């Protein structure tokens, strides 16, 4: 049997991300100019309205350089959730996730001695094997239900996933040129 | 004792189990559908795992995901609550094969008691009274006449292939029997292709009286004071009380012993309920056995002072039953009203939606078991029962007065509930006198208009 | 029986009385200040009358307006609750002169028991143990030494003119006494101008144990299982329980009889409480008698099964006490936590304001008495107690575990409450062992930081 | 002792009036365009926004003729509460009330055989005796704390009043000419 990690350590981060995305959608659709959310020491506050030109510029710059500044692998929980909060909202808005449709233990490779099926910056296609989930002692290979560039892997190897949990953060609008660049690098 | 229990259920019963575990210092895992994200059972449990989308067959009935949830959280036992997987033999079996204790009876006991005709035979063998009738089908009218004389009129002739009231004839006396058997046979042939009929004693306006029993692995079994669940609408219990106004201490002992006999016949080792029909002559008949904790268990808890869910967990963990039948006392009268999100004026049409104003009743003798809270949005996917209001008084009159006042305090706005319906039941003169049977709702409440 | 009772109070106790009346089918009149317009007691009563602006001395203490409210609504009795006018002899007198029954003792009894030194003398005469000491002031050191030997050390020397701990000397043995008397005398002369001092036995870290008594007009008086209210902060009770972990059945009988003796001495004819200090040797001393229903009455209701407010109303209406001392049983252990709108981190500073999220605890063995509800705005004018959380378990351990879990379920957001403070008390190892006395909060909870 | 009426029959009307006034104030101060209030079968709904010219005209006409169409004496509860609801809001806004500062029984005259101290359309001055309130068997003469024209007497003779209950509806801005007219009529 493969090594499993206990639940609860990894999905807090993912839940936070989902929460922020929900807020973004909320504020996008509704006629709201300001929204403050506070719980357990975390505070998220959004503002809208006639945007200030300087702020807009800053945002544009951030967006442009976004992938480059993203950390490639998993970080400690606090660090990465902090990171997510600091990312600009419009930046998060264009990403999507691949969710788990079962409850079980997440593995990033087909077996312990093999390399991960998917790494950050990989371009994945729908139908491609992306991970393995173990449930009731059965290993099940999971295929991507959408394609794009992997921005981040949200579950660590050997950690549990629940139904609907985000596993991969995907950029479906990645630029073609960049895609080929990244592929070239990979095959060097 | 268990270290961590996963509760494979939702709503008030999930909370009920979490409460027992917390008081026993056992860790809890809640499972939930996407529709129940953030609901109270997920908030009060130590951990929670999403097991599927809103429809129950993809979440609360999703055995692989529930078992996986137990595995990833390291739960060593699963409490099924009632409904959903509580009497599912396959689930009990899977739990066993995964080395997770299923808090309930074994697969074999569920099977034995789940099949009505098998259960009937087992009970007859054990000497538990069952509704008297023909052993198999009857073909000769003389046999029918002889049997009917023995079991006394009225009797009912039923088509073997029928069910749900179809192909059924109630016969009041000898004169009508021959005709009834023939009509029933020909009707049965026309409707079901088989003319086989059987004969059974007809119980007119029976009371539904059930006994909570507790058993351990050493073979100790006791019964607790009975519950009267006669107030039903289309076989759905609406109001339950303990003790029954129709049962005196002598009958209680007699029925209780029969319940214990029934449980012993299948070597019952957990909490369960033996249901009887009680007729106006004080004769009672085994109806069925429920191999789970029941919705109405709190009335028994209030009058006996025994925490049934804690007891169920202890028995599942192999503890000895440390209760003495002779020491069980009845401490007053308890009544439970099931508060459903239904519109009593529209044929009890279930309602879903957000609760706006919400005030819970309180004060002496009032218990509320509920998973709802101010601002809660009732999802349309599940059972319409949203709360149980339970009261205890020093006598039945005080319990009724207390229930009336608690119903008056209970504010749930934004959706329709059965609170006004229960207020009508409590105010009914026949109810106050304890003159209830399974036809009560139809005859006393609906006829009033 | 009364036709209509006016409740001259607010908050949870007003609701408590309304609940009792509703169950007894007695009409109710709520009175309220402008700040309490629309609060639960006004909504649940049959009628309500505004009696003045927010400050209590213009509303809940406004005797003419309260009496007028009773007159215009035709109420034949007034229940004063606790606090406000509950022990006001003038109010009791006005009620009497207006032919309205004051639900409580007569003016004379309130007077007798309200004055501490009068009460002490009456108790001594009746043979109820009081804290031993000098009858008057002591001047000769030899008399002091003799008395101290008799009542045993430690003793306390107090200036007659002192109070609140001023001019007080605790003496552990004979050697210290002479010096203490002299110092105390000279200090007293300097501080108060009088050198008179007296001697009393010093009770170190006593327990506060009180007995609920019930009396009727025929002279029948019984006591109920005691309450332990040792957990106090600055003489304010915070947690109460019944029975007391410090009292066994023998001591209970002894103290109970003393309580009945105390009540008989003043011909007590209603519900009341005799408070004792209990020392580590099992000796107890009369402290005072409260001639009203008390905040902590629910713990007694839960363990005895007796509805004290209904009983109080029946006794006030002249009914005979139909309870037998020998039949009073203790059904488990009950604990009450007073939930105050106070910030435990800021020296219990009272908070007012709107309640945002609000979820009440429920399930087995949990009772909540409260006047608040979702969206309620706590006015800054009145007592900070907003809810009483009361639990019962089959034993003390279960009661504590239940209280811990109920405190965990209790959500009150928008204001600060003492819920986290109570959670600390319940988790305390000394509390769990029942090792509590009036210094508990100071020594066990505050010292933890 | 003078005849008393039971509580509860008269002050419902007065409470309703107060409630409507509160709504008016609420809607006046707040940026609300519509407000619907429903309880126990009563429904009050207000709308605001760019007012329609025809509606405005109608309102103005109503206001001008307001006093004339008001019923002079008390009506049955249902009738008068209905009436109040139908009155235009701006019309109610300019009135004020004289409230009770005690709890007791309201009498409109000094003794049973005397005529009422105040009648509808009377002009009253601050300090003038306007009614008697009996509390704890003591009769107390009550003086007006403000002046104006009496639009309606909100409590019936012999009925109870609670603290803060409106007793008299007063028009403090009555026209002087009208005042003298009414006085003349009275002294004819």
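Here the chain labels run A, B, C and D in written order, and each chain numbers its own residues starting at 1.
To be clear about the criterion, contacts are C-beta pairs under 8 Å (C-beta built on N, C-alpha and C of every residue); 3 or more make two chains touch, one makes a residue touch a chain.
It should be emphasised that the depicted structure is a prediction, and the values quoted were computed from it without experimental measurement.
Common neighbours of chain B and chain C: there are none.
One simple way to say how far apart two chains are is to compare their mean CA positions; for chain C and chain D this gives 47 Å.
Chain A and chain D have Cα centroids lying 66 Å from one another.
Centre-to-centre, using mean CA coordinates, chain A is 59 Å away from chain C. Taken as a graph of touching chains, this assembly is arranged as a line, each chain contacting the next along an open chain of partners. Pairwise chain contacts present here: A-B, B-C, C-D [touch as defined].
Residues 15-16, 19, 22-25, 40, 44, 298, 301, 305, 307, 331-332, 357-360, 362-370, 373-375, 394, 398, 401-402, 404-405, 408-409 of chain B are the ones that touch chain C when the two sit in their complex.
Contact residues on chain A toward chain B in their complex (touch as defined above): 4, 6-8, 102-105, 135-136, 160, 162-165.
Taken together, the chain C residues at the contact with chain D in this complex read 34, 47, 49-53, 59, 64-69, 71-74, 94, 98.
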